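In the two complexes that follow, subunit A is the common piece, with subunit B as its partner first and subunit C second.
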Partner chain A sequence: MSDDTKQGLQSAFRRKLLMGIAAIPALTVLPRPSFAQAPATSAINTTGLAVTDTEVTVGILHSATGTMAISETGSIEAEKLAIEQINAAGGILGRKIKFIQEDGASDWPTFAEKAKKLLVNDKVAAIMGCWTSASRKAVLPVVEQYNGMLYYPTFYEGLEQSKNVIYTGQEATQQILAGLNWIAKEKGAKSFFFVGSDYIWPRTSNKIARKHVENVLKGKVVGEEYYPLGNTQFNSVINKIKLTKPDVIFTDVVGGSNVAFYKQLKAAGIDLSKQPLLTISVTEDEIDGIGGENIAGAYACMKYFQSLDNPNNKAFVPAFKKMWGEKTVIGDVTQAAYLGPWLWKLTVEKAGSFDVDKIAAASPGVEFKGAPEGYVRIHENHHLWSKTRVGRAKLDGQFELIYETADLVEPDPFPKGYQ
Partner chain B sequence: MIDNPRFANRSELIGILVLAVLLVVILPLCLDVFRLNLVAKYLTYAFVALGLVICWGYGGILSLGQGVFFGLGGYCMAMFLKLEASSPENTKIQSTPGIPDFMDWNQITQLPFFWKPFHSLSFTIAAVILVPAFFAFIIGAAMFKRRVGGTYFAIITQAVAAILTILIVGQQGYTGGINGMTDLRTLKGWDIRPDHAKVVLYFFEVACLFGCIFIAQFIRHSKLGRILVAMREKEDRVRFSGYSVANFKIFAFCIAAIFAAIGGAMFALNVGFMSPSFVGIVPSIEMVIYTAVGGRLSILGAIYGTLLVNFAKTSLSESFPELWLFGLGGLFIAVVLAFPNGLAGIWGDYIQPQLNRLMPSGKSGSGPKAGWHDSSVADGAPAE
Partner chain C sequence: MFGEYSIGDLGSIFVMQGFAGLILFSVYVLMALGLAIIFGQMGVINMAHGEFMILGAYVTWMTSNFFQTYLPNLFSGYFFLAMILAFIASGALGMLVEWGLIRHLYRRPLDTLLATWGLSLILQQAYRSIFGAREVGVELPQWMLGSMHVTDNIEVPINGVFVMGLTVLITVAVAYIMYKSRWGRQVRAVVQNRVMAGAVGINTEKVDRYTFALGCGIAGVAGSAFTMIGSTGPTSGQLYIVDTFLVVVFGGAASLLGTIASAFSISQTQSTLEFFMSGSMAKVLTLLAVVGILMLRPQGLFALKVRK
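So, the complex of A and B:
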């Protein structure tokens, strides 16, 4: 709270008086740490976060209600699992993690309000949260103003970098370029048709994809169409696809629209095992709704598939199913959300402090060897180095890994030549 | 009302004073800055509810598209703030510095012509009021002159809300699309984000709200207000008496639009944010619900209703992140079923008579049933 006197003496006095009186009822709800500061806590928490001698509080901020709930539930589950595992392994700097969950309700201003509540009232040490770009854009000014730490799990459009955010998903170039290269080489693809939902992520992704197709792959984009979020009528674009006969359909249709899109593609007689389709927006979670039989044969470009065959993932998948039920599926974003608490733990231990400034500074170079997707590392720009993988959808709703980049791909949120 | 003062009778004045004490003294003293800022956010909807009392409660014109005007006012203000936040120094990393970030993402390389006037604060303030008023005038004139009313009018306002949302989302290069305009920072160089600024903005907003309450009171007590009520009750008789019903309806609709727009502008200032999620059908209906819960015939009731519903929304969602929508839905159903005249009805029917019995010669000097809620409850039952 600022009590500086830039205005007249009188108003300054009144304000102080008001604040003093206003603080009286708040005394009872003051966080206990400010009274019981053991030396250890005061050394690792100099900015008044909710850290006690035995506990540290973080916030989980996703949509538990509204249209996005279906996508964000996986992230909530993954974050809770990670927190439980960290606690079982002894916590962070000897402290157990306690979480406060807030509902963003698929409504961007609500996200901003709840983020502010978590930071100002609850003094959480970090927030695991947000899913859509719009919710992140709403929360970003809040975490920057109140100097919080946000771990954001979704693959997104890039063009952003903040001291206060760690992006555990891929930015657009990481997700798209290697996939396009692979399909151009493997299928000899020259012509592409883009279909997307109408908002910033698909538009930016398609812009990058178009530049890559035209300038690097020397191919052609024969069509680019956008539909409002929640649209369920794709017949006109499917007719255009049939007319233009592209080598590859490249899609970033999101959410419930996917169900209609793939069913109508199938109904129109487009056989995805013959017509290559590359999507950057369908994970195991979406296939749950689309139905494996409607999308089998399509290629998805992600960094994680539930079917990945490595020791970390073999431990992660059963643990997740044990906690949340046999039927749950784990998509790319769910895995990225799982990384959030772990990366935060490793960073806190590296920095030896819960202070946000120290964590922000210590983040670059933090490595997590136990990630289900394999080894990851935080880049200077607060994004993750990670591999790009292409999988083919199978009838049972899982992906079969077809291709993965040999090395980790460098995150490049402001790609030169793609803007 | 038998005695018809120009502005407010004694019990209404007491009601306004009580509200003033609550908003100016009690809430700022009891709440921390975060909660006070939430109250400021709730109060932005109170402007809309106030407009709906005039338009729907008195005029009988149910508009399910007030979000349109809330949004227009909010976007006008947000455009000004966004331009100020997009100074070339702040936007160095963009390919075209000096334009809002979302334009840069959409490959727009220069500021569109209709954005340029929003560099000026005085133009913006004028636009906040005039753009929605003009828009409301067009809609109102097109509808009311053709004697379109009632349900048809409500449906058309919904359609307008839907159209405007699609327009804003679709033209994301010019409007920020579904993300809206975020990261609004300063007003004429004055940072609107720190705590002390929030407190100042809160008091400024309360002052504006009372300005609007006074205007609403004035309209209610003027001859105009009586014509509005008469129109609601028996439109044809008013028309046969030689009044131009359409013009009065257009006026009421424009006033409601202007109030909503002021609320929208306040929202952009207080929350630092504007997005199409305040323009569409759902928020517009929510705004009608605030008015219904508060009592659509009561100027002050609408404000309490807005505060109550939003407070319930926040506290329920904090306590029960997964179940809160059911609680809220239950609250609406309970209020509408049990108390069709909303909070103001509860006051007028139950509490006020008790008070009068306790203090027979006390406060209320102007009649047994005249409460702060509104005496037109006593004048006649609502039309619908």
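So, the complex of A and C:
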């Protein structure tokens, strides 16, 4: 199909050229084909990437099937929207973006294999992809070995940094600390109860949160509980919460367990409008499954909410809904995924090249003023400077912005004193 | 560990914890009953059991949407209709699957494992294509939410009571069908000696088809009920399948009573341990105990004596 479009473009151009020759006197008033002003391919692509005079190819690598499809669908949609918008605005260095989508199928070795396919066979200039830390860890050695560029959208536990990865979501300290500070100040919270799913992200996040609560806020963690991924029964931990009566329940339960957790919390008579609960894992996407009535009143701490009131977001949300349907919701990670193609475009333009080494070197300092979350800038450590926000879940499944940090929060993937 | 809490607090928490155990018990029985019938009576290892449950959940979701749009006045009662529709939908799909797939594999029980596993993948992708990859939220009528307030610390979750009631009802119904009705007698006859049952005039093919459909239908009802406590998404069925098999195998495959006893012992162990340690550790210890007991008693808690 792509070949057809290419031929179509070429013949249209040829026709235009013939017309132009036939009407040489009028040549100056003809609109010039956009790539006429584009730099020569040989100059901006010295490493044999899939860049032609008219097109540049990127890869999209997410799970469209398997358990993670629930979460990753939004990221795929956001990346496609960004690519379409960039193309509509003239592409990158005069070249349209073409994407090749591969399915990681919620299976980490498959992610690695597909990443290798994209880099080695398709020679893509960048990969927008991965969602879970496990998939990123599987892909990381591949992008490092074959020198690719990965734009990773999810908020994650930190403790990683690579020349070949740009982390467009928040790392743990960026996401958590501001939220804990806010709730300690606002609610006078002293005692915290942690509930999480049992894998690396919640455990690392809770470790950071515990250090912060104990060392900085001088509070107390009265319980820390982990449940296997996919667990559907939370009545025991809810009883423990009732017994210990914490000021704040701090949760990072993920996936289908989330739904069970909030439904059972509500059924056990815990009223979230009276019992403060701070979550770092529930976005608008998750509320779709949980149901607004089960989670209304809970606080979420992240960098983006669909309800944010700024001009960028007011253009972004309708564009997203126009492309993917009126009922779609946009969560934090979806927005971060949208940043990937844009940041890559801005970096390529800054570097004046598609070469991965030049992009990696040019990334620090790249700023994106059109981000739906406001303004972001890439840090030397390839994470983003971003604001942290606290939102309160409403009955209709949206968040109401309650608090945001005054300044951008510095990403700190290897936080001292928190390990 | 309890030094800092008052006797009253502790007392009420133990009551609540006992209740949590009972809810877990009902959930286990409900999800295992359908499988116990299919696995126990027919020897078919149905790996797609979870997907039959989720079909029930999606039917509930559609019913809920239908009532919200067209019959908002009757919304408070939609759940009962949804459960009946879930039973019919899952049962019908079960019948179709039995006819198209399972009946060709009765002589090869291990192949049913592979075939139904494939079926579960197909169904998951079908749900994803039809209903979308994201989870759906099933809205419940107001009276089913929240809890009954007994004392300050004792709150009885309404959905828990609902699940318990439903479990008792379905268990009694299944026990009646299997042990008192004429059809149940035929099913048991086929289990004990298929050739002989056929020889005395029982239509064994028909018995098989209806048994499978009944098991799937009950799975559908369970899925419908679990929309109150869990998630509804294309792969949510996978959350239940391991526990379901655990309960059925531990109880002894062919015995309804065994299923109930096993659900009771597993749920009580699990919920007691959960109170004293973290959820993951409790699960590990419960599984270890089950494995240990199965090593000593491979046939499960209750085994039916069948002449081979």
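In this text, the second predicted complex is superposed on the first by the 380 of 419 C-alpha atoms of A that agree within 3 Å, B and C clash if a C-alpha of one lies under 4 Å from a C-alpha of the other, contacts with A are read in each partner's own complex, and residues count from 1 in each chain.
Quick note on the criterion: a residue touches a chain if its C-beta (ideal position, glycine included) is under 8 Å from a C-beta of that chain, and two chains touch if they have at least 3 such contacts.
What you see is a predicted model; the values in this text were computed from it and never measured.
Engineer: Quick one: subunit B and subunit C on subunit A, clash or fit?
Structural biologist: Pair status: fit.
Engineer: Check whether A:Ser42 is in contact with subunit B, with subunit C, with both or with neither, and answer first, second, both or neither.
Structural biologist: neither
Engineer: So in the superposed three-chain picture, is A:Asp198 touching just subunit B, just subunit C, both, or none of them (first/second/both/neither)?
Structural biologist: A:Asp198 contacts both subunit B and subunit C.
Engineer: Regarding the shared-chain residue A:Pro109, is it in contact with subunit B (first), subunit C (second), both, or neither?
Structural biologist: first
Engineer: Between subunit B and subunit C, whom does A:Ala64 touch in the aligned arrangement: first, second, both, or neither?
Structural biologist: both
Engineer: Given the touch rule stated above, what does A:Asn310 touch, subunit B (first), subunit C (second), both, or neither?
Structural biologist: neither
Engineer: First (subunit B), second (subunit C), both or neither: which does A:Phe414 touch?
Structural biologist: Touch partner of A:Phe414: subunit B, not subunit C.
Engineer: By the touch definition at the top of the document, which applies to A:Ser273: first (subunit B), second (subunit C), both, or neither?
Structural biologist: In the superposition, A:Ser273 touches no partner, neither subunit B nor subunit C.
Engineer: So in the superposed three-chain picture, is A:Pro228 touching just subunit B, just subunit C, both, or none of them (first/second/both/neither)?
Structural biologist: So A:Pro228 meets both subunit B and subunit C here.
Engineer: Taking the superposition as given, tell me the minimum C-alpha spacing from subunit B to subunit C, whole angstrom.
Structural biologist: 5
Engineer: What is the shared patch of subunit A, the residues that subunit B and subunit C both contact?
Structural biologist: In subunit A, positions 64-65, 198, 228 sit in both the subunit B and subunit C interfaces.
Engineer: Could you list, by residue number, the parts of subunit A that touch subunit C in their complex?
Structural biologist: It is residues 64-67, 69-70, 73-74, 198, 224-228, 230-233, 235-240, 242-243, 255-260, 263-264, 266-269, 285-294, 397 of subunit A that touch subunit C.
Engineer: Can you check the complex and tell me which residues of subunit B touch subunit A?
Structural biologist: 28-34, 37-38, 41, 93, 95, 102, 105-107, 166, 169-170, 172, 177-180, 182-185, 193-196, 199, 271-273, 275, 277-278, 314, 317-318, 321-322, 324-325
Engineer: Which of the residues in subunit A end up touching subunit B in this complex?
Structural biologist: My answer: residues 1-2, 15, 18, 21-22, 25-26, 64-65, 101-103, 105, 107-110, 112-113, 116-117, 120-121, 133-134, 137-138, 140-141, 145, 157, 159, 198-200, 203-204, 207, 228-229, 414, 419.
Engineer: Would you mind writing out the residues of subunit C in touch with subunit A in their complex?
Structural biologist: 5, 9-10, 13, 16-17, 19-20, 23-24, 27, 125, 128, 132-140, 145-147, 149, 153, 155, 157-160, 226, 228-236, 238-240, 270-271, 274-275, 278-280, 282-283
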